[in-house]
């Protein structure tokens, strides 16, 4: 499993417990709690899930089962600049796959991975709803529209 | 804040609002008041609608044009985002597509000030249920 | 006076720039350049009859204009004030020329009901919603009507669920209203997951109050005081606008206790999805709201009997709700006068793919694909040939030329092997390989399958693998039979709607594009040139000038050759990325 | 749902018309008229309150007239006038294809699979006559997980998710959950760690219900064979009470057949030097635990407010691990008495070894248990001296059956034999340890007589017996009303424990068994394939065996009396405390990522 060791410091632990408390430690709010927790830590390391399980009085296995069910949740820390390539149908038929291949080639990582220097991580997403701009790539919060494979290097230049 | 307590209340508020909005649009400053709506849905924002809106608000102020800039939802012309709808008093609303800062500047200078049309008009292609 | 000349891709391809130049020069000849302004516009969406020239202010609409017509338009219309009859749009039914574009059928094809306020009001201002009859429907329901009367209105309107399956909304409400429980819930499904569909997002971003109002009306009808909106976390703007709108509605007393002075109480909460397509299925959605894995359960029991936290729950999608206030205000008869016999009202489609006017459209049920694609959508991008349109996302199928004139409604789409789905409409042209498209959708389903039932978990994986095998040129005729049998079994045995519809992209492409499958299997060729494994890039030595551009762009150094001499591609090294093909200015590289 | 008078609906299945209760499923209705629709995920042990019907395997699909797609019969309620076909061409093709799909993601190592012969997937493939698998493609592969008791080989998982229901709904252990989704979906502990990094209690209920070889016990037969072959070792065996009423099933006998004598004979044939009985240690347990109960009760009656009541039984290792994980704040409530298996081990290695003049290291103690958690119990550090465990190996009932077959012993034709002395003598009180309610009944028999000094007229406490999930009973102990609680299944136990934590419990003594039914339904017993009538037969057999015993009260066991006289002194003496009692550990943070 995840080899990245993550240790919550006391402030983080308190913050996480506060999050659970703000949802009344209600196990029905698990997904909302996980959203908040991922907002704080950027991802959901095992230790965070253990705390959430304990606070919400459910098994860690169940929390893990939920985390691995939803693609929005991640157990891997994201890169400094998370890159998401839209693979919605509109982007796909307008060449999204070629753009993805180019990112893979240049960064030398696969989808779901982070570059060894921690700078970029790459993921696919399904439709940001900007189909008029297909194919679409997001780096952080910035949306790049009508991306062609030979425009990939130009995008990455912005983050050199 | 008002609490709407009955249907009559709601209707009263509505008629007040309608006349207010009408006033806003037509009678107050009929020669000068321009209404601009910026389509600010995800696709619009992704293609820079926010910057255009900021630019418009700033520039109207700087150039002394009385105008109301509001945001609105998706107009449906995703291929031409950012899109804005400009209503110059006395004229039909016009929708412009692919509006960047440069185009916005052009729209202010040519269309709003002088009534000249500029490129990038998008013909409205739907009916609303009001008619 | 203004002359608007269409500058859309389709019209440009048919010399609209020449028309523009000619108009300008004729006007100059007549010294009219200061009085008459010639403007290039965006696409009119009427590419079927392009190029288009429109004269303002009288709204004259000239179609199929040729550059040489410029003189006549200026001389006749501008100078003499006489319309050029032969260029006017000919109404196909009345066979009469229509001069004013407002009277043309095309511009009446879109009617906005669900999207009525989108792009019209400021979504963050409740006053603007109220000024457009907002919350009047709710007021009418709770002060003048009984819950049964409201349900009756919805039933008579003929409204069917816009989320895909088309279950009659009024009937759904009725079932929920008859369930007896101490607590019931109204749930709004805003987990729009079809890749390429974004109508729900647009409604929530552009007109959140319409959904809030409708949910309250539903709450009143079925006897629920709580509403939940299950919304994708990937839609931050929609979430933000919805939160603002809920806040405003509460301030105005339109949500909360004693709404409009009555005893009716209703309030809303948001629940976030976390990226699972299957949560669009209502039982999966409910489990997800309960903090569990979003796995569907077998129906019955239906959510209307046992839903969220075991209580009766009514689940409708965003677009369905957005129709409700209008139906109450304008009456069921008005609503049911729009659309076809069994599908009433309008449907919003997200038009995307190889089409000129990508966007969100709302048309009456019964509009044909041809009208949508060629008139509203402005035809195919770059003047290419139409091949297929995919409706219904991963649950739908690919429709072809022969379906273009079928009026679109729930039943016709199903009869054609597709489905309405949430309303994504992806247009494909001659460059799209239909086997790859089927594979694309199966890839999606495999990734999004929850894994609970065998046919969907393993079956779709095997479908995908077989399609992949075919795309690599390794398919056999037996594989084609297997694809069909397996597809039928998956459809027949899967637990939920996701699995039951997941083979549709395969079956519909098998039905409509069998020859493409055959080409892959028998000739080891991909007719659209999309399947990399079946392609080979070759340099035509006759055309190659040795500019070295291709060699420089090749990521794997597969291209060799001396400067100014024909180059050569080493096919054993080539990864078929296509970079050289795109770079070559001399059309010297071809695919076979 | 409103309460309604039972309404009947009429439906036609395969041409036969049947009237069933409204709300019944097509599957139930078919069963009534002798139509056995196959299924791999459905499980209905109504008597035990265990039901699992996710409708996920899709094997049980049937054709319903007028319905667009096929209906999963296990979850589709009958409707009046329904016409069902369970074997139309369409159904057979679909069922076959679904099974082929399952098999296309399943290893083909039936020949060497621990479940072979008992595998539902294998039998179904035979029943449907599958001769080749038309689908090839990626197969799921997972790391094999070996813990002290359970082996998880998830390559063989078909996602029926029965184990998940047992672990979460029934046992509320929460070690397992479905994780990931789609083709990658599998049942696993948190973070896909091994079970020994989870709150797993090793109750083995997941094994009991697994239709394939995905979950099996760790097999220790080979170690036992090696020990038996080692001339330096003296190998002794103890057999738990519930084994003798279930072992016969493995040899084709009717469920509920008592095979005590054949079992003793077989064990002797296998080469064990002494064939003893865990029942002896069960009697010893009653002496220790009963004394502890009386001690606490007397203090309570004397007005001591601090005394911990109720006292909880502690013979079940899965239950012990469960409360160590879930109720670490209440570790002082359970009895400190070791389980019979461990008492036997301690007595064997510290008393019997000396008696027969064998060094501790040269005495190998093997136990035959209806349980897989016992394997884990053997491995607990506190039960060994200088690295030498009190009990060396624990084999399940299933492993013993396999061992007997392997040794070419014709079990059915064996003549009955007796256990050896002294550790083979037992009473009826010990026998009933094998079922839920038995331990507490045995304790009451002894506690009553010791406390009151009077003879019990009737040793059968019917009010304690039964298979209801949670039972309560009161026994008049000479004017004092002793309140007793009984739970089997850890989910039921949790409820009683939570009551205690909330101060709502009125019981003086509670018996808890981790497995539904108690040890007769243990995770190491012959597979019951969800048939509760098998459990009921074993249940009855236990009480038959008890009734047939001449001595039925633990404190009357002459060898127990002798043991105290010769060695231990008296119950709860210092030596008893050292050898026969234990302590518990807080394990709530004992799991997960380290």
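When the chains are written out, they are named A, B, C and D in that same order, and each has its own residue count from 1.
Basically, contacts are C-beta pairs under 8 Å (C-beta built on N, C-alpha and C of every residue); 3 or more make two chains touch, one makes a residue touch a chain.
All of these numbers come straight from a predicted model, not from anything done at the bench.
Of all chains shown, the one whose average CA position lies nearest the global CA mean is A. Per-chain CA centroids place chain B at a distance of 26 Å from chain C. In this assembly, the C-alpha centroid of chain B lies 73 Å from the C-alpha centroid of chain D. Between chain A and chain B, the centres computed from C-alpha atoms are 36 Å apart. With centres defined as mean CA coordinates, chain D is found 43 Å away from chain A.
Residue positions 178, 180-181 of chain D are each in touch with at least two other chains. Residue numbers of chain A whose C-beta contacts span two or more other chains: 65, 69, 128-129, 131-132.
Looking at chain C, one finds that residues 198, 201-202, 235, 276, 293, 295, 352, 358-359, 450 touch two or more other chains. Because contacts link the chains in a way that matches no line, ring, star or complete pattern, their graph is best described as other. Here the touching chains pair up as A-B, A-C, A-D, B-C, C-D. Within the complex, the chain D residues that touch chain A are 168, 173-181, 188-193, 198-199, 591-593. Interface residues of chain C facing chain A in the complex, by the touch rule stated above, are 193-198, 201-202, 233-235, 271-277, 288-295, 309, 350, 352-354, 358-359, 390, 393, 424, 426, 428, 432, 437, 440, 444, 450, 553, 555, 577-579, 582.
On chain B, the positions that touch chain C within their shared complex are 1-7, 9-11, 13-14, 17-18, 21, 37, 39-43, 45, 70-80, 85, 97-98, 116-123, 125-129.
For chain C in complex with chain B, the residues that touch the partner chain are 2, 4, 7, 37, 39-45, 54, 101, 106-113, 115-125, 127-128, 130-131, 133-136, 139-140, 143-144, 198, 201-203, 205-207, 235, 237-238, 251-254, 260-261, 326, 330, 352, 356-362, 376.
Within the complex formed with chain B, the chain A residues making contact are 128-133, 136, 143, 145.
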